[in-house]
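Several structures are given next for inspection.
Each of the next two complexes has chain A plus one more chain, namely chain B in the first and chain C in the second.
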Partner chain A sequence: MIEILYALLLIPGAIIIEGLRRKTVARMHNRAGPPLLQPFYDILKLLGKEKFIYENAIFSLVPYLALFCSFFMLLIFPFSVIGFDFDFLVLGYVFILQDTIYIFGALASRSPFGMYASVRELLLMLGYEITFIIVLCLFFYNAGVYSFQNYDVEFAFAKIPIVALLAIFTAFVILRITPYDVMNAEAEIGAGFFSEYSGTPLAILDIAELIKNLMTYILLGFLIFGKTYALIMAPIFMIFYAIMLTSSARYSTLVTAKTFIILAILAFVHLIISGSLAV
Partner chain B sequence: MSSITRSPWISFFNAGGCNGCTLECFACFNPRYDVTRFGMELKASAKHADVLLVTGIVNKHNAERLKNIYEQLPEPKRVVAIGACGVSGGLYKKSYSIAGPVDKIIPVDIYVPGCPPRPESIIDGIVKCLNDKRTK
Partner chain C sequence: MHTTIYPIGPQHPSLKEPIFIKLHVDGSRIIKAEFNLGYAHRGVEKCSEGYLLDSALHAVQRTCGICSQCHSMAFLRTVEPMANIQPPTKVYLQRLVIAELERIHSHLLWAGIMAHEIGLDTLFMYYLKQREHVLDAFDELTGNRVHHSCDVLGTMKRSFGKKEIDFLLEKLQTIEPEITELRRVMEKNEVIVSRFKKHGMITKKLATELGLVGPVARASGINYDVRQNDPYMAYAIKELKVKPVIRTEGDAWARSIVRCDEVFESMRLIRKACEMIDPNEEIPKKKNLFAKDGSGFGRVEAPRGENFHFVTIKNNKIARLKLRTPTLANVLSYSRILENESITDVPVIVMSLDPCISCMERVAVIKNKKEEIWTSHELFEGKKHD
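Now for the complex of A and B:
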């Protein structure tokens, strides 16, 4: 039962993490930045806006389907609510399904901006989703298990550093960090997928997106640092990707490599001190 | 109703003119003036916005588009007319191709004069239109 409480606490957690992210980005720009609870105010405002009635069933269903995907992620990861203990690929499928649902919504809206965003997202999906599934498979192959509940490898990046690096780079695409944000390019294609949504549906899409971002941070911590450190590493990954977002693409690549090397050295030091590594 | 004072999202429409006021509007979002600290955000789609900033004189071609964009904003919404052209017609007042200042086409809440107005006065105008009596 306690897992349900934890999973419900992750929803305000996702909103506060987004507030912290905006604050971090603002500090990188040398700005004061919005208040910490700004995403919460945004969602409250959107819920109070005028409601339009749409005739298109797919278009009106898409926000609720996206929210369903996010809640499904909360049910299976990182705490197993209702004893849900399927294998790790289910989480990969749900991540992919959410992006596919956005594409359906944008195509159903018949907005040219939404269509451009869909085509770009489809092209990008060909690349990153295969990598994402391969990364998941490799981590679980390393652990020798199939479900999240039995995954007990800690500091996996010390053993499979290249896979950990791949995971960090794949998360760039999932989080839409600068080199891979072609589907959100505001100067070219307006608001992208969400061009035609307003009010309550937009608020629901926002919540779904925020939960997905938080799950990405937790998943990275879970895979790379282990179950114990998953929730502690989530804000650290958030700050890392916020810094990536504000820097140029080449710079972020270099910083990723440097961070990775530093982390690998620290992990080896930890392994040597704890005596798990026979030198 | 008062919730839009916490997070006013902003959309632009340049209805015709020299683009000077639009550049001053964009200057509000840079680190020097930083309106994001009030929760304001620049939104590309009018359907997400609460405040519509209209710059420039409205020419005959853009009058229909302006009406269309105004109708896309969900209630509650505010309109701010920016610059001498948007407020009164300014330099282009007697031109043959204009449909009039902004308030002839759509209802306007706040007028920000100047050619172009400084970012401080634009921020002041937006804050005033959010804090007027009808908003509370």
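Now for the complex of A and C:
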């Protein structure tokens, strides 16, 4: 019962975290920033807008499928609300599934902006999804378990620092932080996937994105700091990534594919030497 | 070859004003770029026709929100000799101060937008924070932040006293270290260098062929600046001689550096002019003036390049006014420089010319009571007449 309440509280939590994120970014920009509840007002306003949508089954379904993916994440992580103990890989699949769904929506919209966004997203997915799954696997091999409910390692970063670093780098892509926001690069391709969406479907897509972002923060806290600190660490990770987003001019040459590959190799070598990973 | 059509505009996030660029792309490589204008014609020329010089000046000053002083200076350069007026040196120096401040403000705004185009929003905000100091200085000097509207025929609305000059110099002191740091970022930052270098190449030959002006031409190695080649008003004074910033690379990066360096050159000119202004000297009061019938032209160096005004006066009223803003000279190069670039680089290349579309839109020909609008593409390619 308490888990259901918890999962329900995470939805407004995701929106407030987004409000906090905008505030942090604004402070970094030397601006006052919007009110804390601005994302709420945005979504409420979008929900009240006239429905004007291109008639295509896939295009209309995509927002609901994306929202379903987000809710599914809430149900299995960090506490299994539905009472079934899922394998950790299921969460990885759901993360990937949500991005794939966006690609379908953008292609079905037949907008050139959506088309270019899909191509860029596909290229990016080829790069980062593998790293994401490797990170998940390494953390769970280190713990010696296969489900979130049994994961009880605390402060994993002390034992596997390189994997923790790799996880933080991978989250740059999942959170679409510059320079990994190429599929939403407004200067060339407008809003990318979401160019053709408006009104209620756009509000639903927004909610799905916000929940996914919150789940990413929680997942990082969960893997790196342990179950107890997962929720406490979420706002701290949010602030970290907001600061990284605003200082992208300084670091973005560091965060390249090379960094990912080198970190992944180092992580494997470290795990093999320390004996955590039997070859 | 089958190509996909990728539209940029008339409304698009990377464009601040309406212009339509139709890209024929193969994958993400641009095979051919066409562009079309005519979405924001405001009729400034027609507005001024039939009005007295003072009223026309009022309309001319509002042609552009960013370089309004340059338009008023070009107009005054044309009509003041026709009305046989010679304003005192202090008025010329004051006009120079406002024009150079405007150059700083225009270049800072442009640099911010360039940073925004490649996703560096923080840099955009930092540039705009510095620009805010310049706008404060405008407020103190002229009473208006954007449309200064401080010129009148033969004089200015306000005389700069000690208080205004001290405020201005203090603001310059505030922004100088910040702008130096921002220029270093523009020059050295790897992201900016990799996005700007070797993109939107304009060789010296192409720049000469197309008749490009302003920082765009100077970044391609053409030593042309109206302030230097045809000095006017206070620029003709020996101490205020302009040293144009020239680079030879001809890419978007060179254009950025030229503009960043011009900001420092403008600051030097303002400081020099402030030394020469006598705070206690009174400037003449506004008088009603009568201009001879006839035509004349004048040109000044606006932040974006050469700004050209042609005026015909009849019965002390404007009979014909023709403005050619620098963007019209520069915008023609789009179809040439966008070829063989990637879609990713389009915003950088488009913005690197610093287009000011609404000021430029005035190409219309009335023929057989039927209006037809010439696009710049047609002008460039040569329109067929029947």
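Everything that follows uses one rule, which is that the second predicted complex is superposed on the first by the 246 of 279 C-alpha atoms of A that agree within 3 Å, B and C clash if a C-alpha of one lies under 4 Å from a C-alpha of the other, contacts with A are read in each partner's own complex, and residues count from 1 in each chain.
Note that in this section a residue touches a chain if its C-beta (ideal position, glycine included) is under 8 Å from a C-beta of that chain, and two chains touch if they have at least 3 such contacts.
Computed from a predicted model, the values in this text were never measured in an experiment.
Asks: Putting chain B and chain C onto chain A via the overlay, clash or fit?
Replies: With chain A aligned, chain B runs into chain C, so clash.
Asks: Quick one: is A:38 in contact with chain B, with chain C, with both, or with neither? Answer first, second, both or neither.
Replies: first
Asks: Per the contact definition in the header, classify A:186: touching chain B only (first), chain C only (second), both, or neither.
Replies: both
Asks: So in the superposed three-chain picture, is A:149 touching just chain B, just chain C, both, or none of them (first/second/both/neither)?
Replies: The answer is neither, since A:149 touches no partner chain.
Asks: Please indicate which partner A:60 is in contact with in the superposed arrangement: first for chain B, second for chain C, both, or neither.
Replies: In the superposition, A:60 contacts neither chain B nor chain C.
Asks: Pick one for A:29: touches chain B only (first), chain C only (second), both, or neither.
Replies: both
Asks: Between chain B (first) and chain C (second), which does A:196 come into contact with in this model arrangement: first, second, both, or neither?
Replies: Once the two structures are laid over each other on A, A:196 reaches chain B alone.
Asks: Who does A:48 touch here: chain B (first), chain C (second), both, or neither?
Replies: A:48: touches chain B, not chain C.
Asks: In the superposed model, where does chain B crash into chain C, at 1-9, 73-81 or 91-99?
Replies: Clashes with chain C appear only in stretch 91-99.
Asks: If I apply the document's touch criterion, which positions on chain A are contacted by chain B in one structure and by chain C in the other?
Replies: In chain A, positions 29-31, 186, 190 sit in both the chain B and chain C interfaces.
Asks: Considering the complex alone, what residue numbers of chain C touch chain A?
Replies: 4-7, 12-14, 28, 115-123, 125-126, 129, 185, 189-192, 194, 343-344, 346-347
Asks: Which residues, counting only chain B, touch chain A once they are in their complex?
Replies: 1, 3-4, 6-7, 9, 31, 34, 36-39, 41, 43-45, 47-48, 50, 74-76
Asks: Across the complex, what residues on chain A touch chain B?
Replies: Answer in residue numbers: 22, 26, 29-35, 38, 41-42, 44-45, 48-50, 52, 113, 186, 190-191, 194-199, 202.
Asks: In their complex, what parts of chain A are in touch with chain C?
Replies: 28-31, 112, 116, 119, 178-179, 181-182, 185-190, 246-250, 252-253
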